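Below is one structure, written out as structure tokens; comments come after it.
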Amino acid sequence: MTPLLEIAGLTKRFGGLAALDGLDLAVAEGEIVSVIGPNGAGKTTLFNTMTGLYGPDQGDVRFEGQSVVGLKPNQITRLGISRTFQTVHLFPNMTVLENAMVGQHCRGRAGLVSSVLRLPAQRNEEERIRDRARDCLSFFGGRLSGYRHDQPAFTLSYANRRRLEISRALATEPKLLLLDEPTAGMNPKETLELTDQIWRLRKDRGLTILVIEHDMRVVKGVSDRVVALDYGKKIAEGTYEEVAHNERVIEAYLGRKAAAG
Amino acid sequence: MTMARSELRRRAVRAGLLAAVAIVYLCLVGMVQAFSTRNIVGGNLPLSRILLLLPSAVAASLAVRPRVRGGVTMELNMGEAAGAGASIGLIAGAAVAVGIGIVNLIGQEAVRGVFNAVTSALMLTLTLQRSTVVGTAILVALSTATGALFALAGVLAPRLRRPIVTGLTVVLLMGMLQSVVRVMLVQLGLATQWLYSVTFGGLTYLGAVASFAAGMAAARLWALRREAAAADAAERAEAGGRPRIPRAMLLVPVGFVLLALPALLGTFLSAVLGQVGIFVLMGLGLNIVVGYAGLLDLGYVAFFAVGAYATGVLTAAVNSGSSLHPGLPFLLAVPIVVLIAVAAGLLIGGPVLRLRGDYLAIVTLGFGEIARVLVTSDWLKSFLGGAQGLIAIPAPTMSVGGLHIDFRNPQPFYYLALGFCLLAAFVSWRLANSRVGRAWNAMREDEQVAEAMGVSTVRYKLLAFACGAAIGSLGGALFAVQIGSLAPSSFVFFISIQSLAIIILGGMGSIPGVIVGALVLVGLPGFLTEFAEYQPLIYGAVLVAIMLYRPEGLIPNVRRTRELHEEEVEQDAWLEGVPEPAPSMTLGEAVE
Amino acid sequence: MRRPSWFAVVTVLGALSLVAAGCAKEEGGGGGGGGGAVDCNTVEFGCVTYAAGAPIRVGTLLAISGSVATLGLDSQHGVSLAIDYLDGKFDGKPGQLVGHPVQLDNEDDLCSKQGGQTGGTKLASDPTILFVVGTSCSSSALGVADKLLGDKGIILISPSNTAAGLTAPDQHNPFYMRTAQNDAIQAKVVSDFVYTKLGFTKAATIHDESPYAAGLTGGFKTFFEQAGGTVTDEEAFTTIAGGGSSDFKPLLTSIAQTKPQLIYFPDFNPECALIAKQAADIPQLKGVKLMGSDGCNASTFFDQAGAAANGVYLSSPIPSPGASTSGLLDQFNAAYKDQFGKQTAPFNANAFDAFNVVAAAVKKVAIENSDGSVSIPRVALKDAVFQTKDYAGLTGTLTCISTGDCQAPLAVNIGVYLSPDVPTNKPGSEPIFNETITLEDALGSG
Amino acid sequence: MADGTTEVAPKPTATVGRLARFPLRKTIQLVIGIAVVAGAAWGAYRTISLGTFTGAAWRDLVVFGVAQGAIYMLIALGYSMVYGVLRMINFAHGEVFMFGAFGSYFVARVLNDHGLINSSPVLSIAILMIAGMVCSVAVAVLLERVAYRPLRNAPRLVPLITAIGASLFLQNTARGFFGDQDRGYPTPDSLGGSWTILGIPILRSSVIVIVVAVTMVAALTWFVARTKTGKSMRAVAEDKDIASLMGINVDRVVVMTFVIGGMLAGVAAVLFALVFGLVGPFMGFVPGIKAFTAAVLGGIGSIAGAAIGGLILGVLESVGPALFLTGLKIPGPNQLKDVFTFTILVLVLIFRPGGIMGTGEPEKV
């Protein structure tokens, strides 16, 4: 069986610096894979390249067997890859519900004419979009439900903004979800909660998840497999235990720290 | 709690100085003198005198408003207010007096070498047509008295103040709109001499009193209605029911008034409303591009030109200055015009897809200029008429049961414009509340994220340009119909600014805002033709003032308001300490 | 207190209008009268009736604001003086027309189509307006104000519209006329001057995208090529106020490549002055003569162009020489200076004549009613104006022709200004060339 | 959590359409680019093969263009500096320029009345420059204080619209104050005529404009690179918040930026007035728009970019109509020069969105 996601020889350079350098990675359906590595290792660049924000210089990204290189971000989202951002990027002045409804955009078809005439098909679709958006928000229980639906997103607390971003990504109905440091800025309680929720995303929704994370407890808690990057190359891959004790990984983290100190 | 004396003094001096700057500015820029011939009431109250006293009045009534400092409201008593107002008026009056003195010292000729507006006529206006010393003294006294009076009005209870202010405003408006109202009454076959003086043109004293009373009565009625409505709402909230009258029902009287207007207002006012209609269309179109999609287009006049010229060329049946004159009927031409405009929108939108904000602004400005250059050019003269423009554009006509309707006549034209506006407003409204509108919104807020969430920014940007172009071209088509001939000098950058000012004043993204914006910025100057010269100045001031003090516009769109006051709301929320709802899951569940 | 609002407002408004209606019927209305040949109730467009002592209302639709205000205000002053002179003397006190005072309603044509439309609609909507003097700018009238007012049977008579199109047979509106000279005349005279007097056969033209300048350069081209000359280059620029550049050197260099003997630029200032100044800086234009028109011919040209004004030919249409002998022109000029100061544009005398031509016709057709009111039938008034023949006006002996041109045979002076400092060469000095022709002459040859 | 509370949405299997990978936008833009360049090349070929223009004429056109471009350059620097520091387009900069010209005009009139303009031209030009600078700086600083400072953290469209409003307001204020007729600006007689430099006769006024402009650009480059204020300007341009944490007074730096922009505009205004001999309330608008275009063209925020953009624009406006349109027998080619201005702007931005000297990197998420 072909893996859901297959990355082969992916290379992306900025000027002379290779942010990604011949990276290979495969993710099977239903897996949760963590990507770790020191700052500047190329983790976010990996996400950006996969989702079409950057075009790779070399290599290929195959999703469900077909290459997504050269597609625009919105097309890739339509194929079933969705993501969150390292620094939260919501639509701050739209309401919570509207944010999630934007996620549903790629699953709708209503265009200019049907929107203006409000044809039955468009009305049904609007209804469906609303229902699904509500459903995605309800994933976090009461945190984003009820009166919160009509609040503008910028009034949310930091943790809730992260949750809304995940809900919005869920609303695109992805098969593969890319989470970029989902627990950054959360307190330990919230972090624990989110760890559990990442599990549930797979259990309830059948998602395959690729997660960038710094918090090793989270990595340990969620990962089926861990991939470590440094200088855009894969330096280790395996279970949490294997990677955590890999010498090159330790060196990569400590070496950077030593250099910085 | 009353205010510390020193603080009061500081505030009065500050307000007085601001009023002084405003008066001196109004004199030097020529506005005072320009309005000296329009008598408002009788022969002794021309608009120029009102303008001279207005800054003191406004400054005084604002300066004495209660302020909240550190959670404590500070109010003034009547005596303090009158004193503060008098000093504000005195400072402002003294500034004018000093100005008069300086002019007399240096000599009028020398001053006029720099400031054009300092003429002997202006000096006479300032000294109230009297000798310099006496006139100046009277002016200062008047200014002081005005300051004191308006400061007193400022501390009155709102339920007393509002009717008075409304009454005065009505008198002022009736006086300013004298020729318009007079013509309207004459057309309705009503008498005017009791209301407007034949000799002075302005209101008679009887007319002024009647107008004031009408204003007071209207304000009172409005207040009563508000109270009733509030009581109603409270009752409804208790009962938890829906409004007694469905909102849609309110449209019936509104629609009735809209339909009846031309008959009530007569031809001239209908013509002005027709012009307002043209700019409502321009505003609605630009609103899609700027308000919904967030693409600042400074060359919107291009679509106006496309609409007008395409209509002119397509409907002309005889040689109109263009070698093409197919003579299509208007209704057949309009869809073609819209298609041409959409093509133009895509042509402009295509190359600028990657550009954002400021870059987009300058490039679209360039496209607007290119449109103007092309319609003027000798190169395209044989198609578009060049500098001489197009003439003999036929008016659409219709025959209903033997009644021949010519849509160039102001009243039928009003209905044509109304129809187009309703259509455009409907389309805008439906789009705003749909998947398309949501995509535009998302794109405006964060283009890259919107794209990552599956919104094709290329498609939606082009769609916004195309919709904006289509609606704007309808405005152009109406313009061609209304004027019947086109000159390239009508298609200048100022039209783009005018459209922008309309949506800024009304509130970006707000459809009622566009209508109000067009009424204020296009309608009022249409009624007050001597303001035409100061129209650009007033537009500039409006743009700056709105952005500084009320960036969401007069009739804001909810989301825009949030955007512009994001910081404040955040602070408020923090102050109020909005509690986080309890987590829906116990800690135990979350722990492995 | 349930729903006081709407009903109350409507009731109050209704009551007010009833009161107003009660006071109505004092003025206006049918007028009834109409003795003599005309029955006001049946004749097309009816009559305007003014009650005893009520003022006759006359509109003006002139460019009275913005950068062209000098043009419109100047004409407005001409009309005011005409009202002053109704009693046969310039004494600052208004005279009366057929026993009624005259009241002016001054509107602004903004020198644009929109202005013509707004002002025209406003005046056309007032049934008490007898006739309108205007517009200042041709574009405000053409197809806009002429039609709006004409549709109501209101005469529009312009002191300063010069565009040929307004009185072209296929475009002329029956209620439109003018006392300003048709551009065709000036273009013809300039062409004659350049071809015959100077003996040049190659000329280039520059217009400023205004209908006036484009009309003159177009007319010049037609006449000049008929005479046998060649127009080597036709250039145009956007005015500075309209968004154009102040740098004419590239444009002049381009023109220089076509080797004309003369450059004709019938534009306005400051562009005329800039062209004259910068042409002096182009070595390849050495020996090439420059020629402007009445648009350039203003004191600002000499101020701004300085020494570069030397040797520039300027044309200037003037009232025909016979007119000033009556002494009226001198009186008029003195009164103008007395009441309004410096004359800012050349069309005040045309405005004076415009008012008077119609006033004379009013005297012919006005019907005095028994109650002291006066009725003026609109169509008869128009016809009477068109019958004007050899009327002794300020600008000459005026005759109206069927396409609305009410003009004296026009003299066009062409002067050359050797130095702005030599008083004799200031505008209004002795022309080096002058030609007096009628419109028929000009058009007949073209 | 109970199962089945959330219905798992059916997963659509979207497939990539055949044309999905087709770079539509790039293709459109490439086609436009090629069409314009090909049209221009064809026009130029026809013009040159017609041979109406002499070599001297081309040389003159280039020199005129460079002189005009030098003025654009000076104004463009003001736009660029403000943009660099505040990320806003000071649309009213053209009016700052205009007020500078009026300020110096009133001084020039006094000097002329005393005959100083002709008797000591160098001194009077220096005085005029100072007068122009003072006036422009005053207007620029007032503008910043009243209209822009309260909006420093507002969404980006807000200050831009304010600036457009301020531009309109200032323009019409000047019109009300000083009248709408242009006024003749007294110029020294010695400024007329030309000097021959390297065998090319160049108008004296052009030489002065070019020399002053180049000097100012050099001085500004030095100022920004070397002085303390210049360095803090660069720091604020990088990141306002961090700069203020580093102890830089951001308000002061912003005011300094407007002061310098105003000074450059004042100098440009005096040069403009000396070359064309005119001042008027609308004189700032067109040079302002052109300079703004030049700044964007060169890469807004960059000093070298403003200089290069100004020069390109000046030369293109001067040479373009003659070179590209004469051969195509298009009547009134100079009428169409704004079409060149904005076409080159669009072309450059299509291929280099940051302008010629700018960076083309997309914003980072």
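In this document, chain identifiers A, B, C and D correspond to the written order of the chains, with residue numbering beginning at 1 in each.
Operating definition for what follows: a residue touches a chain if its C-beta (ideal position, glycine included) is under 8 Å from a C-beta of that chain, and two chains touch if they have at least 3 such contacts.
None of the values given here were measured: they were computed from a predicted structure.
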Smallest number of contact steps required from chain A to reach chain D: 1
Chain occupying the middle, per Cα centroid: B
Between the pairs B-C and C-D, the one where more C-beta pairs touch: B-C
Mean-CA-position distance for chain D and chain B (Å): 31
Chain centre separation in whole Å, for chain D relative to chain C (CA means): 41
Distance from chain B to chain A - Cα centre to Cα centre, in angstrom: 46
Junction residues of chain D - those touching two or more other chains: 289, 331-332, 335, 338, 362, 365
Residues within chain A bordering two or more other chains: 53, 75, 78, 85, 89, 107
Chain B, residues touching no fewer than two other chains: 369, 373, 376-378, 448-449, 452, 458, 563
Chains grouped in pairs wherever the two touch, ordered by label: A-B, A-D, B-C, B-D, C-D
Chain A partner contacts - residues on chain B that touch it in the complex: 426-427, 430-431, 434-439, 441-442, 445-446, 448-458, 463, 467, 559-560, 562-563, 566, 569-570, 573, 578, 580-585, 587, 589-592
Sites on chain C touched by chain D in the complex: 66-67, 70, 209, 234-238, 240-241, 243-247, 249-251, 253-254, 256-258, 269-270, 273-274, 277, 281-284, 300, 303-304, 306
Chain B-facing residues of chain D, complex: 24-25, 28-29, 32, 83, 88-89, 106, 109, 147, 150-151, 153-162, 164-173, 175-179, 289, 292-293, 296, 300, 330-332, 335-336, 338-339, 341-343, 345-346, 349-350, 353, 362-363, 365
Complex contacts: residues of chain D adjacent to chain C: 52-54, 56-57, 60-61, 64-65, 68, 180-184, 192, 194, 201, 203, 272, 276-278, 280, 282-283, 285-286, 289-290, 317-319, 321-322, 326, 331-335, 337-338
Interfacial residue positions of chain B with respect to chain D in the complex: 25, 28-31, 113-117, 290, 294, 296, 298, 350-355, 357-359, 361-363, 365-367, 369-370, 373-374, 376-379, 381, 448-449, 452, 458, 497, 500-501, 504, 534, 536-537, 539-544, 547-548, 551, 563-564, 567
